Every structure is written in C-alpha cells, then in structure tokens.
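Okay, got some structures for you below.
One chain, chain A, appears in both complexes that follow, with chain B as partner in the first and chain C in the second.
Entry: the complex of A and B
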C-alpha cells in the first residue's frame, strides 16, 4: 500500500474533465485507488464521487493505492497532478 | 384580469400569441416497485438503457469529432455513463429494495444532487448538469418515450414558448417551427441564444422571473418588447391596442423588404456599401443575400462560455463557415477584443479586475501581451481566408507602433504556417478600428500603413467625450453629434479618401437611421450594421442625394447647440 498527499494545481480544480482523466488513468491499473479529502472519500474509478470531493485549486488530496501495480499507478497519478491535468496554458 | 410581468427585452416590437409551457426539467420522483421475480429483467432493462445511451453518445462524438470542445464534452459525459459507483447503487436498489429502475435512478440522482448542494466550488457544482442530462436520457429511454428534440414534436405556430432557459439550438428550432416568441425565466441579454434570436427577429424576453409560475398553457400573451413587459391574459381593449401597433409594424416591414432587393445606389447614383455585423457564426445562415459582405465579425463569442481556448482548427472551421455562406463577398474578421465590457472565459485573464477597464488591457493591447492566443487566431484566419476575400481588423489601436508590432506577429504566423506546410492566403486586407481619438488624429499617417479603417463609434464617442453611457449619472451627456466627435469621424473619412483606402463605420451610428444622411454627408460610402437595421437604413440611402446633403453638413459641424444640430440633422 502506498499513500501520498497530492496538490491540485490546475486553475479549475478537480472538475469534470480533470476527473475524467483521473478515471481514465485509474482504469488502466488493477490496484484499488482511493481519494480522501477532508471527511470525504472517493473511488478513483467514479467520476461522480471525485467531483463530490469538491477539490478546487490548491486543495490537498490524500491518495491511497493498493494492489499489484500500485507503484506504477501512483506514479501515473502523481504525474497527472503535477502536469495540472494537461490543461493549463 | 390581465397580469403584467417584467423582464429584459432582447429586441424590439410587439408579439402576440398563445402560451406554451416547455419544461425540460421533469424528473419523476414518484415511488414505484417491482416484484421479486422481476429483479433480473429490471436490472437488464437498466443496463440495456445505459448501454444504449452510451452508444448514442459515441455516435454523436463521431459526428462532431471536428468540433473539439464539444467532442471533449461528450468524452467526459461518457465517463459519467460508465461510472461504476452509480451503476452499483442503482442495481443494489433494484435488487434489495425492489425499486423500479426509474425510481432507483431518480433516487440516486436525488442523493447525488444533495451531495452537490454542499459543494462550494461553483465550477464543479455546475457539473451536476452533466449528471442530470444523463439521468434524463436514461429515464426517457426507460419510459420508452423516444428521446426526441423537445421542440420538434409539438406545433409552435403562433405560440409563445415559456421556459426556464434556452439553447441556441432551441432558438433555431423555434424559429423554424414558426413560433411567435420566447419568454425565459432565467438567461441574459448577452447569451448566444439572445443574440441569435435578435438576429432572427424572434421576439425574446429573458429574466421574466415569475413567468413560469404565473403563466399557464394557452394563456393569451402580449410581449411588449419596447417596454420590456409581458401582459398575461389581456382584456379586449389591450388586445386591440397592441394588435393595432403590430399591424402597423407589419406593413412597414413589408414595404421595407422590397428595398432589400434594390441596388444600393443613392438618388444621385453613388454606390454605397452596406455590410452586416456578425456576432455568431450561426447567424450567417440567416443573413439574406442582400448585403455587401461582413463588415465586422466579432470573434469574442468564440472564446466565451467555455473553459478552454478555441484551437486553430476549431476557429478555422468557424471562419470557413462564414466565408462559405457569404460566397465571394468580403468578410471582415476582427481579432479578439476582450477586456472592458466583455466577459470572456475563465482561461483569459485580463489581470485582476482593472480599476478602469475601458482604459486597461483590451483589444490589441491584450493580443500583444498574449502573443500565442493572437497568433493562433491569425493562423486560423489566414487559413480560412485561402481563396476567399479576407479582411483582418485590429481593435483598439492607438499608435503606429502597435500596427508595426501586429504586422510582425502576422508575419510570424505566416512563417509558422509555411513551416507546417499548410495552405493559407497571402492576399488579405489589414485594417484597424478607429476607437481612440489618438488614432483618429493620426489617421493621415496611419492610412499609409493599413488597407482599410473601420470606425467604432461607440468607443470613439466614449473616449472623446469621457462619457460612460451605461452610467446613468452622465448618460444624458452621451452625444454622437458632438462637434468634436463629428470632426474626428470626418477627419478619418477624409484621410482614407486621400490615401484611397476603404473606410467603414461599424458602430451603432451606422445602423441608427437618424444618422444615415449625416454620415453620407461626411463622405462615408461604407456602412456595417446589425442585419436587422439594414432595411430601414438602406431605404434612407436610396432616397438620399449626397451632393445636396454635403452642402448642408458644414453648418452642422459648426453648430455648438445640440438642439439646433439635431434639428439640422433631421432636416438633411
């Protein structure tokens, strides 16, 4: 199990399209991926649950990955966060 | 007894019709159950409907794959449809609680909606719409009433549509089904739908907040757009009165329609260019062929109501659409003019809210600061302009230096296009907007560096007189005929004539019929205006004798008395 706190850096926060990208990446792996913000928790494979985290810019999300490919999964997710979900100019 | 509702008018005139209430917002929360033996079939029914909307979305994604923002939107929608959490909850409710699929979905939506109510981030909160749309499609399918376009299955003739909100597509549907008018409880005057309905002459009143509560199906409705009121169930006297006004307007419009077919020559045989202003590319379909081109296409709307920037490809296809519709006539594309009064997407930041936005980073100033955005737009214009009559118009120029810098950026764009081996035009006209007095005063010199000028009277008046006409305290001082304003306009026209380059007025003055003769008298031979203004202005142009008018114009330029000036103008 790996767990990490990741920073939401893109301007619009974890909105629909960014969440969709996260789901897309999560679906490539077999590990369980869970996002926690404040008192809310979301499965990284549910776009609705991710939106409900209401993670606007600068919020911090605790991510837990558990499974056979957890290292690769965490790396990909971390990269996505660092690249601001490929959307800022 | 009649009831009066207030709203905001999008255009002018009178509209009389019968109300038809359209609600796009009906999720049925009524409980309904299945028998235990039906669990399997009900689950299948749910999964099948889910699969079929997925198919539907994929198909529409295929269809619009060239429209990138739309395609991305649908892409995201697909993630909602595939949401495992959502599916699981509904199947659980069917299996454990014996809910019908419909009720399970409605229930799940209710709880999602509740969670979304707590979300503070406005942008994320709005995405509930996506989920709602999916839920509505699912419910539609499950109720087996085919999901059709809401306006396509009902008769709208002489009906006034009452609804919450309306999309540009709806506006076109209502127009084509000969609906009389539209009243919305929400919306704004600057929305795409509002602009479209204005250019289609479809009467529309927005923000009539109580309309949905007060108005019932088949109520008699009078929309008095001039006074921004709606009269519900008028009495006989009111009805007669408004019918009188309406028929008077009809006969006037009918006689003006003939004018459109005539050549735009003045009484003394001088050809006057009458062009159209354009805000949305969709409008171009409805422009009649009786104008001499597009004198001003405001590209800002391409950038509005979205969270990303329009790509080169997307812009190119939009511009190409306009060129195609206008056949070989000139099309003037104005580069992005943001800042000041125009709100654009969140991705375009004009700094923090400027203390004095009219004097801030707007028009070309913004473009020179954000070179990438500008260059993308120029590339799209040059590509769309291939084999077409392209005119590029630069807003808010104040100095020669800005023109030189702009040309450099255009050259860079061309170099990039060459490198990318893309087809583009090298034959285009480059023009500048005259909005700032500094620019008007240097018109002689600037005329040597550009191919045409276009006078934006609204801003020119605002900057010359230092009047914000939206400010009620000073709006009465806003005077288009102020001698300083008129002499600046005259100076620009004279400078352009001297250098033999085109000059157009594209501000509101061009479409205001009381100023048509005055502008002709100042030597103007090219007008660009809102398409709806063309018939009346053209009618005046056909009946004008320029030589006669010119002789009288000097007295107006010299008069310092506003009242006298207006009298002289009306006597031209």
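Entry: the complex of A and C
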C-alpha cells in the first residue's frame, strides 16, 4: 500500500474534466485507489464521488493505492496532479 | 457493445446535457438518441418515434431511457415505450449523465442503478 498527499495545482481545481481524466487513469490499473479530503473519501474510478470532494485549487488530497500495480498507478496519478491535469490554467 | 441510451426531455434540455457530458469525457461511450418534447408535439407521434429509437439502440444489452420530471409528458412517453430490455429513470440531471458515462460496460440493471445514484449524489447543500 502506498499513500501520498498531492496538491491540486490547477486553477479550476478538481473539476469535471480533471475528474474524468483521473477516472480514465485509474481505470488503466487494477489497484484500489482512494482519495481522501478532510472527512470525505472517494473511489478514484467514480467521477461523482471525486466531484463530491469539492476540491478547489490548493486543496491537498491524500491518495492511497493498494494492489499489484500500485507503484505504476501512483506514479501516473502523481504525474497527472503535477501536470495540472494537462491544463494550461 | 454497450447499453443504448435514449434521453427524453422537455425541449432540448437533454441535448445540452449530452453535449456537456460528452465534452467532460472527451467522447461519448454510448449509442445515444435524443427525443425533445415540445408543447406542439402529439404524444402518440413521439411514442412511435421513441419506439423506433429504442429498437435501433438495442444492440443486445438493452436500452436505458433517461427522462426529466416524473409525471410529465416526456416521462409518460418514456413509460409508454414497449421493449424487452428497457429501464426508465426519471429525474435527469447532469450528474446523472456524468455518472452513467462513467460506467460504459455496465449491464442495463447496474447502469440504471448508477443513473439514480449519480442523480442523487449531485443534490446537496453547499
């Protein structure tokens, strides 16, 4: 199991298109991927649960990945956050 | 092969929601048809059209019909369509469509559940 705190760096926060990208990445792996913000928890494969975290810019999301490909999954997710979900904003 | 989706709404609400959901995901994973119902429409004509759409949309996994407000003409039309594998869910909102698009490989029954769950999840005090 790997766990990391990731910063939401993009201007629009974890909005709909960003959440859809996260779901797309999560679906490439078999590991369980869970996001936690404050007292709310979300499965990274559910767009609505991610949106319900209501994570704006500068939020910190705790990510936990557990499974056979957890290292690759965490690397991909970390890259997505660092690249601001491929948004220029 | 995925479940087919038929969206029946007042005016073009459904079209705008479909366009928005497609834009969020960058693509649309389902075969989708839209039926907009306006004051001047004859319900029986729309039912016939809906019937044709449902037959066209079913590639073997059935058809999920999403409609806006229960008890209104679009919802009554949706309920009047006869098909072997059909589920009708009312209360359409954008979070419902976003959640349905999240699960393109789900069966008709499970997708209908996800539609309801997504629709309800999107309603809360902020």
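Basically, the second predicted complex is superposed on the first by the 88 of 89 C-alpha atoms of A that agree within 3 Å, B and C clash if a C-alpha of one lies under 4 Å from a C-alpha of the other, contacts with A are read in each partner's own complex, and residues count from 1 in each chain.
Please note the rule applied: contacts are C-beta pairs under 8 Å (C-beta built on N, C-alpha and C of every residue); 3 or more make two chains touch, one makes a residue touch a chain.
Everything numeric in this text was worked out from a predicted model, so none of it was measured.
Three-chain overlay on chain A, with chain B and chain C in a clash. Using the contact criterion defined above for the overlaid structures, shared-chain residue A:35 touches neither chain B nor chain C, since it reaches no partner.
Contact with neither chain B nor chain C is seen for A:73 once the two complexes are overlaid on the shared chain.
When the two complexes are overlaid on their common chain A, residue A:46 makes contact with chain B and with chain C alike.
Touch criterion met: A:87 reaches chain B, while chain C stays clear of it.
When the two complexes are overlaid, the chain among chain B and chain C that reaches more residues of chain A is B. Touch criterion met: A:16 reaches chain B and chain C at once. Legend: residue contacts after superposition of the two complexes on their common chain; A:65 is shown touching neither chain B nor chain C. By the touch criterion stated above, A:56 is placed in contact with chain B alone, chain C being left untouched.
Contacts of chain A with chain B, set against its contacts with chain C after fitting on chain A, overlap at residues 16-17, 20, 23, 45-49, 51-52, 54.
Chain B meets chain A in the complex at residues 72, 75-76, 79-80, 83-86, 112, 115-116, 118-121, 123-125, 127, 130-131, 307-309, 346-347, 372.
Of all the residues in chain A, the ones that touch chain C in their complex are 16-17, 20, 23, 45-49, 51-52, 54. Across the complex, chain C meets chain A through its residues 23-26, 95, 98-99, 101-102, 117-118, 121-122, 124, 126.
Residues of chain A that touch chain B in their complex: 11-17, 19-20, 23-24, 43, 45-49, 51-52, 54-56, 87, 89.
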